[in-house]
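Structures given as structure tokens follow.
You will see two complexes here that share chain A, one where it goes with chain B and one where it goes with chain C.
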Partner chain A sequence: MSQFSGPSDLGDEERDALEALLFRMADDEYVAAERYIEWQIYAPTLESDLALANVAQDEYGHARLWYDLLQDLGYEEEELIWERPPEEWTHATLVELETESGDWADTMLRTYLYDTAEQLRMEAIVDSSYAPVCDRVGKVLAEESYHREHAQNWLDRLADEGDEESFARVQAALDRLFPHALTLFAPGPHEEDILEFGFRTETLSDLRTEWLEIVVPYLESLGLDVPEPDEVEPVRTTGRNGDHTDDWFDLYEDFTATYRQLDFDKPTTLRGEGA
Partner chain B sequence: MSADEFEGSEFESEACAYTDYSSGEAHEQYPKTGESATGVERKVWDALYEVEDPEMPVSIVDLGLIYDVRVVDDVAHVEMTLTYTGCPARDMILNDVRCAALAAGVADAEVTLRYSPPWNVEMVTEDGKRDLREFGLSV
Partner chain C sequence: MIWEVFRQEKPGKYHQHCGNVHAPDRDMALMFAQIQHGRRMQTNSLWVVPRDEIGEVDTEDAKFGGTTDKAYRWAMTYNNVDASFAAEVEESEDEQREAAKKREAAKKQEEAQS
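Now for the complex of A and B:
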């Protein structure tokens, strides 16, 4: 039985910590999906186009699961997405970086690094003290495994079985993305309270260690040179406190453009909804 | 839900192994069909039977999406799930369900989403499987 069955069981401090956790998870998924869908119509084959569209659809679905729980806490959709100032988003910089033009290796490596961390993070909330989180996490775990399978399948082809150029592209993507991937484990607001109240049951530092134990041997098995994690120069902005790269502010302008142009005062609703 | 969720049950190739939703675990308490419901709750279940999945001619009750129906103080509380989290028809289905419950004659209706236990094809009723087969899916 979870300690907190719903919003009414939360005091102010618990609520702030839970919100920080939910925003972090939702924003990661949402922004990752925004970058994936930029490949639509450009992916190298029809099948890979469909596969990536499908991965993006899942990530939007997962973002929605966590944004839903924020709505239960009183937020409206426009406050969560369309009108939230870009400097209040707390996703990792890994998911916001502009994809190098035409670089499929970048997206496949990014998916692999992100989804491996995602799996570990979901396992760390299976026993969350907040019941609505527990209710949802099983469904996410069930939908995530084939994302990694898809990315690894491509990385095997590009790096292990590919030619010099494809290998060099994966290596370049790894050098570029790895420091940003480490921001997946950078602390954000209320991190201590998130653990103290049991919303997540593992520390970020433990998650980082587990992640490195999975991704480093795998990438090395493909012949890649993995940067030494403790010697990587930390990126200036982690995303986790709302500080982001310029790429994010451009992306934000793009995906909120239609909302602003149409001058909605609320996201659209269905005919008869709320009747 | 989309038809390709059922691919795996027909094509057993390695490549599609992960879409084999037919291998999900059966769950003791599901599907829920409101079999023993009476009174207003019976009427709500009957109304929900009339709501079809937006992509396939099968009732959402037979599809196994409804997890609970309770009527308290003339307000219907419906708990349901979706086949997958990225379902683009979520708002449409929730709205259809709410309208159906209202049409059963309650003063108000609330629909809540739940994701435990996670839906799988074993939650489809025998009638639902028959409808899906008629539609051309192998379940």
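Now for the complex of A and C:
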């Protein structure tokens, strides 16, 4: 039995901690998808375009699962996305970085690093004390396995079975992205309370250890040189407290542009959405 | 390389050709087929087959012998014979009707369950 069955069971502190957790998860998914869809019509082949679009669509769907729970706590959609100041978003910097033009290796490595962490994070909230969270984890887990398989299929071919250039690109992407991938496990606001109230049942540091135990041997098996996690110079901005790289502010400008230009006072919805 | 994709909707049904994908090898072909031809459609199983491995009898050769008149296979001549003079024929027909009904009922039940 979960300790909290819904919003009315939460006190102020519990509510703040739960919101921090939900924002963190939702923002990661949403921003990751925003970068993936930049490949639309530009991916190497039609098939790879469709497969990545499918991954992006899943991530938007996952973001919605968590934003929906924030709406249950009283937020409106425009406050969650279109009108939320960019410095209040708490996604990891890994997902916001601009993808170097035409660098498919960057995106494939990014999805691998991200989706492996995502799997572990979902397993750490399967027994969340907030019942509506537990109810939604299954859908995410079911879809993440395709995402990892997709990323690994590509990495196997680009790094292990690829040519010199494709290998070099994966290695360069790894050097560039690895320090940012570690921000997936950087603490944000109310981290202690998130654990204290049982919203997540594993510490970030345990998740980081488990993640390293999976990704390091795999990447090394492809012949890649993986940076030593404890010797990596930490990135100045983790994203988790709302501090971000410049790439994020540009991206935010882009995806909110239409909303602002058309002077919407509320987000438009698709036919049947929310029905 | 082109892989032809075959989708099976339900267990026991035929895999039917539904399109193709470009992929360098079988694993990638399966992965792409899953998105393009499997997901969001009723799918029980998918096959991918290298196009080069498919043999074809082309239009010209498929005409071989033409289509022959097989009307002789339909024994319609006896349909209008009144068989009531022979009790065993009537019984046999009753049995056949009964069996047909049972088959029909069993099929409906199976469909309702699936």
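Note that in this section the second predicted complex is superposed on the first by the 268 of 275 C-alpha atoms of A that agree within 3 Å, B and C clash if a C-alpha of one lies under 4 Å from a C-alpha of the other, contacts with A are read in each partner's own complex, and residues count from 1 in each chain.
The criterion applied here is as follows: a residue touches a chain if its C-beta (ideal position, glycine included) is under 8 Å from a C-beta of that chain, and two chains touch if they have at least 3 such contacts.
Everything numeric here is computed off the predicted structure, so don't read it as measured data.
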- Task: Please work out whether A:61 is in contact with chain B alone, chain C alone, both, or neither, and reply first, second, both or neither.
- Result: first
- A:157 contacts which: chain B (first), chain C (second), both, neither? second
- Query: If you stack the two complexes on chain A, which partner ends up touching A:241: first (chain B), second (chain C), both, or neither?
  - Reply: neither
- Taking the superposition as given, does A:134 touch the first partner, chain B, the second, chain C, both, or neither? first
- Query: After superposition on the shared chain, which partner residues are touched by A:149: those of chain B (first), chain C (second), both, or neither?
  - Reply: both
- Message: Contact-wise, after the overlay, does A:51 reach chain B, chain C, both or neither (first, second, both, neither)?
- Response: second
- Query: Touching A:221 in the superposition: chain B (first), chain C (second), both, neither?
  - Reply: neither
- Query: Among the partners chain B and chain C, which is in contact with a greater number of residues of chain A?
  - Reply: B
- Kindly list the residues of chain A that each of chain B and chain C touches, one partner per complex. 146, 149
- Item | Residues of chain C that touch chain A when the two form their complex | 21-24, 27-28, 31-32, 34-36, 39
- Message: For a test of understanding, state which residues of chain A touch chain B in their complex under the given definition.
- Response: 57-62, 64-65, 68, 134-136, 138-140, 142-143, 145-146, 149, 269-270, 272-273, 275
- Residues of chain B touching chain A in their complex? 18-19, 84-88, 90-92, 95, 99, 102, 113-118
- Contact set on chain A toward chain C in their complex: 45-48, 50-51, 54, 146, 149-150, 153, 157
